[in-house]
Structure formats: C-alpha cells, structure tokens
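Shared between the two complexes below is subunit A, which pairs with subunit B and subunit C, respectively.
Entry: the complex of A and B
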C-alpha cells in the first residue's frame, strides 16, 4: 500500500502557515484470526490454575503451595506403606476421612492461594485490563472460581488417588475400594467448590494480601473451634441432637455432615454423632446455597471492581 | 525507647479499617459462647476449662497474636511505606520495641481481658480458673506478638508462616507428637495457668521454671533478632 498524504484545510486563524497534514504511514488493521471470548476465558482459567501452584511465577511463590501439596500427600503414602507392609486387608483410614483429618493443610493452602489469585488484580487495579479483553464479568468470576476449585481438587484428590492405587497394589477388595474412592472423590469435589467459594469471596473483599490470608483462615478455623467446643459440651450434657445440628455452623463440619449422611462416612463429630439423612439434607442444601451465594457475592463484587 | 508517634501510627494501622472487625469479632464470639454454655449447662469447672483452654487459648489467642504481630509491621514492609518511617531519625531498635509494645498491648486487650470476662461468665472464677487462663492468655499474647513481629520482618509471607506455626505446629503436631508440645508457647502459658489455678484444674506438659525461661528467652531473642533484621532491611519488589 503506497503511503498517501491527505491535506486538510488550514484553520482560519493561521492564514499563511503550513497546512496541517495527516500522513497515512501504512498502519493496517489486524485481520488475522480472533480467538474470542472462549479462548480468553480458558487462558484465564489455565493461568489461574497454574498460578495456584506457583507455576509460571517466581521460584519463591512455588515454595508454599508445593510444600503444602507434599504435606497433603505424605500421610497417604505413609498409610499405604504401613498397610502394604503389615498386609492389612483394608486401609486403616477411610477415603472420606482424609480431607477432614488434614483440614488445616487445606485451609492453609486456600488462605495462601486465594488472595494471590484475586487480591493482586484488585490491589494493583489490573482488573479493568482483563475487561478490556473480550471477556465479561461472568467469565472472569467463573474462570477464577473454577481455577481455585480445580486447584483444591488436585490438592485433595491426589492423596486419595495414592491411597486407592496403594490399596489396589496391596490386592485389597476391588469393589469395596472403588466404592470408597468414588465416595471420597464426590466428597472432595463438594469440598473444593465450597472452599473455593469461601476463600475467593473473603479474598476479594480484602485486597491487602496479609490481611486476606488471616481473614480466610479465621473464617475457616474460628467457627470450627467454636463449633467443636460447643459440640463437646453438648455431648457432655447428653444433648445429642444439639451435636447433630451444631455442625451446620462451620465449613468443615458441614462437609463432614453431608458425607456422613450420604456418602457412608464415619463422622468426625464428637463420639461419631453425625447427622442422619433428614438433617443431612439440610446440610447439603446449606452447602449448595453457600456455594451459590459465594458465586453471587463474587459477581456483585466485580460489578464495579477497579473502576 | 518508646516513640509515641510510631505507636500512634501502629495503633491506627491495627485498629483502623476492617482489621479491627476480626479483632472485635473473636472476643465477641468467645463471650457469646460462654453465655450460651453457661445457660445450657450451668457453672461447671471442667466445661469452663474446656472452653477457655480449647477455644480461647488454643484458637483465639494465636489468631489475635498473628493479626496484631504481623499487622504491626507486615503491611508497611509489604507496600513499601516503611521507608518513610525508616528515613526518620528514629532508632530502628526503638521502632521495633514500640511496635512490639503496641502489638502486645492490643493482643492482651483483645485476648486476655475477654478470657477473664468469659471465665467469670462460665463459672464465676471458681478455683481461680478465669484468672489462670487470663494470665496465660496475656503471657502467650506477648510471646506470640514478639515471634510474629519477627516473622513480619523476616518474610513477606509472614501471615502464612505465623499461621503454619500457630495451627500446624501447635495444634496438629502438638496433638500427634508429644515432644512438639515442649516447644509450644501455648503449653508454656498453660504451665503458668496450672500454677495459678486450683489443684488439677489445668494440665500442662512443661514444668514452670523451664516454661518461664523459654517464654522470656523466646520473647527477648525474637525482639532482638527483629531489631537486627529491621536494621539491615532491604526492600524487594512485588513478585
């Protein structure tokens, strides 16, 4: 394309001065393929998921997630090693119990990674840059939510996979182990979605990193501390129904209640007094409502984010 | 060694904004639980010890310590505004001491005082349980503040590191491995509570002389090291 010049009329005030000129120096518009909204959403999802394990970030930010991932898998490997070497005919630990047992590690992982996933974008006001791409608010929220949930699922399902493979290698009963593994996976899927929602909402509301971490961990552990203290006291005064219903008030006991009622888990409630099917339905509804609620809150949070 | 302006700025940083919400919510929750328990079960020494030991000292005090200790210096280092403080003609040792005083004061006010009130609500200070746990909470708060203030100067991930210590080391390992309890601020504070409370009301794993020595040693060492770190602080960029 040969460069053309086009002249415009000089303004009336400056008679005699050189006329203002706009040169066409051959800029061309982009006419290659446009990857569009779906691609941007997938990229954001992949980048957030990798970021949750520090991949594609500095070496320092890989340390914490990798250590927590290792801590999460190590007990599973030990359990398998013990079970194999002593020739047990079933695993000494239920699949569904594993995440409950290591809830602190999951909580710490969420507290460390949820703020890095959303708070930095808010703090450095880079959110508008995302929305200058062909993604909508719903894409951003869904991608971040899905990435956090997937990261948590990887964290919680990998040890279950280690347990399962170990159990099969030790020639334990295939049907029983597969059923236990499937129940375990269902439970950690629910847990991942639920925890991701809580973590992201708290992190999105507290853009300062340090405080976000503390707030996430407080939301997870304080209700648990309070609930289990009161549950023990209720048990001591023989108020079993109170033990059953009190579990509604902290995240991990909610998950515990759901899997006790529907996934044939043994409850970690004091003395094993988990909810039955009736109360379990309430537990499940509360968990689903909280997942939906956290999604709604995130959508609301990003309505005016960074603008 | 105490600088009023630094103290005022630290107070504002700690109690301003939403940080104060957690600081107020935790004691409020403790008091609510105490009232509920008292109404449900009546005054009972064992229950009181369970609530104060299980919730107040094991969960609330470390968390308030984390928020106050790391919050006193962490955010300033994180967003780089600490250079304005460091460029003033104030000794860095006295900056650390002032921030420690404020952090310890805030955590004592938000943990020991509610613990005392909760103890009185639960069983009216029978067998000195309320006073014992309040003293334990106060001592633990000071030690936690010093340790977490140090972590705030050492690493950018101070909050996570503090939580790993408070939750994983003290709660998880403490409940699995008996040896880990010897190196736990919570147990040192409990041994003091054991001495104050009536016979058999509080169980501690560590003897009193050892516990007191370790408490003082850890607090002093952490403060000294924090001062040393602040003297040689370099500011890095955001990752």
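Entry: the complex of A and C
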C-alpha cells in the first residue's frame, strides 16, 4: 500500500517546489469523456474478435486458431498455384464448395473458440462486472455474437479471397469469377452467423471449457454423420425426395441446401440431389430461424447470469 | 448519495426487501446484515439491474428505475465472489474494464496504471492473475471498481477471505478511498468490528427491513453504565459480592457482568452499575471505601455495534418482530472486557 501519496504532495508544495523534488501526484480525478454504451459494446466486440485469434492473449492461446487459419488457407493457395501453373481457364472447385469441403476445420475452430469467448466469463464470473457497467445484456450478447461471426467470416472468407485473387491472376473470366466469389461470400456470411449462434449457445450452457469444446464438436458432427448415412440409405432405396428434405437436420447440410437452391452451388448431397427452390426456401427459413433462436437463447441465458 | 423510499423486492416465495427507507450521505457507510438479509438485492437494485417491486430509490440523484446506465457509469462495484480470469494480467484486465465503463483507450491505460498503484500493486500487475494471493486479487477487484473514477463505490464483502493483516490493509485502503480519493463508499460486511473502524455511518438490515441507521459514534456511544472491579480483603473474603450488596442497598441497579462473550474468566469479578447521574460515581467510590476494598478499575462501558444483535441463538430483534433497535443495551454478556475503547483507564467522561 503506498502510504506516501498525500503527504509528499503536500510537503512538495511547502518546499516551494524545489526543482529536484519528486512529486507524487496522489489521486487524480478523471474529468475526461465517458463514451458510454455504444463505445463499450464496440470495445467488447473488438476485444472478443481479437481474442478469437489469440491476439492480446498468451502465446499459447494463439497456437490453435493460427494453425487452423493456416490449414483453412493452405488448400486455397495450392489450388491457386496449380491453376496458375497449368493455365486452367476455370478453378477446379467452386467458391461455394470450399467451406463445405473444409467443414471439419471450421468445426474445430468453432469448438475451440466459442467456449473461449463465453465460457471463461461465466466460469470466472466476470459477467457481473460487465453488467455493473453501462453495457447491458443485449450489448454483451450482440458483441459476443458479432465477434464470433466475424471471426468465422475471416476464417472462411480469406481462402475465398485467395482463390479469387488467384483466379484473376490466372486471367480467368472476370465476370464469372466475381459472381462466384460473391455467391461464396454470401454463403460463408450465412454460415458464419449460423455457426456462431450454434457454437455460442452450446458453449454458454456450460462454464466448463472442456465440455463446451466437446459439445460443439458433437452438435456439428453427429447430426451430419446421421443425416449423411440416412441420405445414402434413402438414395439406395430411390427415395430422392427424402434425400432432399433430410438435409434440414444437420447444420452443414442446411447451409449446403440453401446455397444449392439460391447460390447456384453444386450440392454435396449424395448424388447431387440438393433441394430445389421450394425446399430451398424452407432451408433458408430454418437457418434464419435458428440464428434468431440462438440469439434469443443467449439473451435468456444471460438473464440469470447477472449479479 | 443514496436514498430509498419504502423500497420492496418480492420474489414469488421470498421477500428480499421490505419497505426499506434509508438515506445515505457522502462518506463511508457500512451495510450490515446476515446472509440473506437483502444486502445483495439492495445492491442489484441500486445498480439499476433489477426492478423494485414497489417504492423508489435514487443513487447520486438519479432514479434507478429509469437511469440505470447513467448510474452505472458513475458507480463502481466490487463483487463478493471471485471474478478475475487467471490467464490475463491485472493491467490488461483493468484496462478492459475501464473501457467497458466508457473510458477512451489512452485514458483507460493511464487510469489503470494510477489505480493499480493506489491499491498497492506494482510490478506484479504484469503477471497473470492466476498466481496472485487472495489479498492481491482483492486489490485488483477494488481497482476495477475505482478505475473509472466513480462518485460512489459499492463494495460487497471486501475483506472476505483475508488474513488479519490483509484485512487491516484493506480497511485502511477503503478509508483512503474516501479521505484521499474523495469517493463515497458503501461497504457490506457481516463483521461488525470492521465497520466500527472504517465507517462514518452504519445501516443494519435484517430480513429486508431496516433495523437501524445511525452514525458509528451513536452505535459506540457511552451507555451510561459503569464497570467496577475490586479486590478481596481479609474482612471481605468476597469483595465483589460485598460490594454488590452494598450498592444494592444504596439503591443502585447493579449486577455481575458474568462471563464475557469471549469467555474471559476475569469478567466474573466485574460489576456493572447503571449510571443514574453524577452522584452514582460518588456512591460507588464511597461504598468501596467503606468496605475497605481496593478499587482495581472503574470504567465506562461502551456499546459495540455487535450489541444491536442479540445472541446468535436466535433472539434476533427482527425475528421477533420488534421495533428497530430494541436490543440496545440488552445483552450484557456481549459487552466483552477486551475492547480497546474500554481500556481508557476509567476516564469518566459524562457522555
């Protein structure tokens, strides 16, 4: 405890402020600006987004997100390198297909970072400190949601950008590539929002980080495995309509269905039997409802987490 | 600073606050109550985080129901529980919290360095907080409540888990928050002795109701009773009982102090005499002289805050539904002989 604060300040004055006196300025009040809720929300967003890549945290916590980011971008770089050197006139894969192809990496990233973002605050009970400040529950949830979605967007859109730049360098058709890139971006935007919602809801259920990681992986992969298996059985029994609708029951097939219907993507469903526009509308509505639902669930989760 | 007006908070099965009206002035105010007395509910309402069922409250002149965000910008809060992530340093954490309070980045860093120095954290502030001692953690928690230079801080059990030395340092720090920093403090505790040393004013609540609200001096004022201890002589083998009889004969309300709450055996030899007026001192003196006893001590008894609570075995004023402060001076066994104030060598200052 510094006992010297006031006394030295006072005695410094008494000595007529000799030039070599070290002034202890004591307690200083703050009269500067207080930027309020909006600023606090933006700060929390920035902090959470940086945290999702380990920036501003320990070196150890940078390892996982950076490796996954590298793994995500590497195939795009290889594709571009091959396309440029062999002078292809079209990329060997669609933009919209890239995230589906690397869904495992996205899933791992989400499983690692969503608990990091929300479980820590719950586990170490930092949440009450936030709510004793100008920001409110909605600010906290929106900032965390937006940060997670942005982190996923950076993860999924960067390889698309690499592909796009590479395609233009290889002098492929500009209009076709731009359209494909735009569709790809639309698809990963939806995927980022959707995955962020799922990941945060699951992670916010438990203050234990390990459980959170396992639960996120389970929620993403188990339905996918189940849906794929049943789809293949349905295909074997020539039930094409079942293949089309079964995709509603796992996160990645939902995204696949939406982009097949609206973003002229080739479906990854068995034998390419993706949903048409009619079924696609249902897919889109389900995705939007799930995004809204996860936001609602997060709001509910934090109602009790206050002081 | 804080004014509540018949503030009530009812949950489906519990009444957490029951028509609480208090007026808290600038300075250090202690909020005393057992667990479940409604302390944290009150803090939650004062921060504008939980609507009151009825009644109103104003903090710094702002209405808690409608101006919660403005209140929280000017008020600091230190929770009772742990709230520090172990893998970040105190500096990073407090800077982040300063920004959450709306301070621009540069100001947040500057105020963090200042505040951590004031609470007594120096080089260790760059280390992850997981390795901190309880005392250091409490300081960081206090720092994050002060970093945005609030007008008022709400400290929830700040001395919890500290050893006696750490507790004294924390109490001195809390005192400094008011005297040096000019920030008013509302501090909760269930250790009454702490509040006597730190607070200007003490508010006691129980079962959501106000038991008492008065200045610390009033709590510890002289009670108008006199503790007398005498020696035994050959003529009077039991001087204490001889004096008891003599004083009773002289018409004074006298009783043995009995065994003190802390079990110190010496107090069995102490008599407590109600002071009726200036003459009481003379009567006691004469009675002792007439019996030829040696007067070991004659001193004024003071009440301690603890006496507003009766014995722990359930005779709680609110529990029996009595009016506020009924136990004033009722429990003599609690007036232990170990208190520093009582050792003033029997100075008889008519209080």
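Things to note:
The criterion applied here is as follows: the second predicted complex is superposed on the first by the 275 of 307 C-alpha atoms of A that agree within 3 Å, B and C clash if a C-alpha of one lies under 4 Å from a C-alpha of the other, contacts with A are read in each partner's own complex, and residues count from 1 in each chain.
Heads up, the rule we're going with is that a residue touches a chain if its C-beta (ideal position, glycine included) is under 8 Å from a C-beta of that chain, and two chains touch if they have at least 3 such contacts.
Here the structure is a predicted model, which is why all the values come from computation and not from measurement.
Look at A:100: by the touch rule set out above, it reaches neither subunit B nor subunit C.
Looking at the shared chain after the overlay, A:263 reaches neither subunit B nor subunit C.
With both structures placed on the common chain, the touch criterion links A:148 to neither subunit B nor subunit C.
Judged by the touch definition given at the top, the superposed model places A:206 against subunit B, while subunit C stays out of reach.
Look at A:222: by the touch rule set out above, it reaches subunit B but stays clear of subunit C. By the document's definition of touching, of the two partners only subunit C reaches A:30; subunit B does not.
In the overlay built on the shared chain, the residue A:58 is in contact with subunit B and with subunit C.
Legend: residue contacts after superposition of the two complexes on their common chain; A:191 is shown touching neither subunit B nor subunit C.
Contacts of A:230 after superposition on the shared chain: subunit B is touched, whereas subunit C is not.
Where the contact sets of subunit A with subunit B and with subunit C meet, they give residues 57-58, 61, 124. On the side of subunit B, the complex with subunit A involves touching residues 18-19, 22, 26, 29, 33, 36-37, 40-41, 46-47, 50-51, 54-55, 58-60, 63, 66-67, 70-71, 74-75, 78, 157-160, 163-164, 167-168, 171-172, 238-239.
Interface of subunit C with subunit A (complex): residues 40, 43-44, 47, 49-50, 69, 72-73, 75-77, 79, 81-88, 92, 96-97, 99-104, 107, 111, 114, 117-120, 128, 144, 148-149, 169, 172-173, 180-182. Interface residues of subunit A facing subunit B in the complex, by the touch rule stated above, are 57-58, 60-61, 64, 104-105, 107-108, 111-112, 124, 206, 208-211, 213-215, 217-218, 221-222, 225-226, 228-230, 232-234, 236-237, 239. Interface residues of subunit A, counted against subunit C in their complex, comprise 1-2, 5-6, 26-30, 32-37, 39-40, 43-44, 47, 56-58, 61, 120-121, 124-126, 128-136, 306-307.
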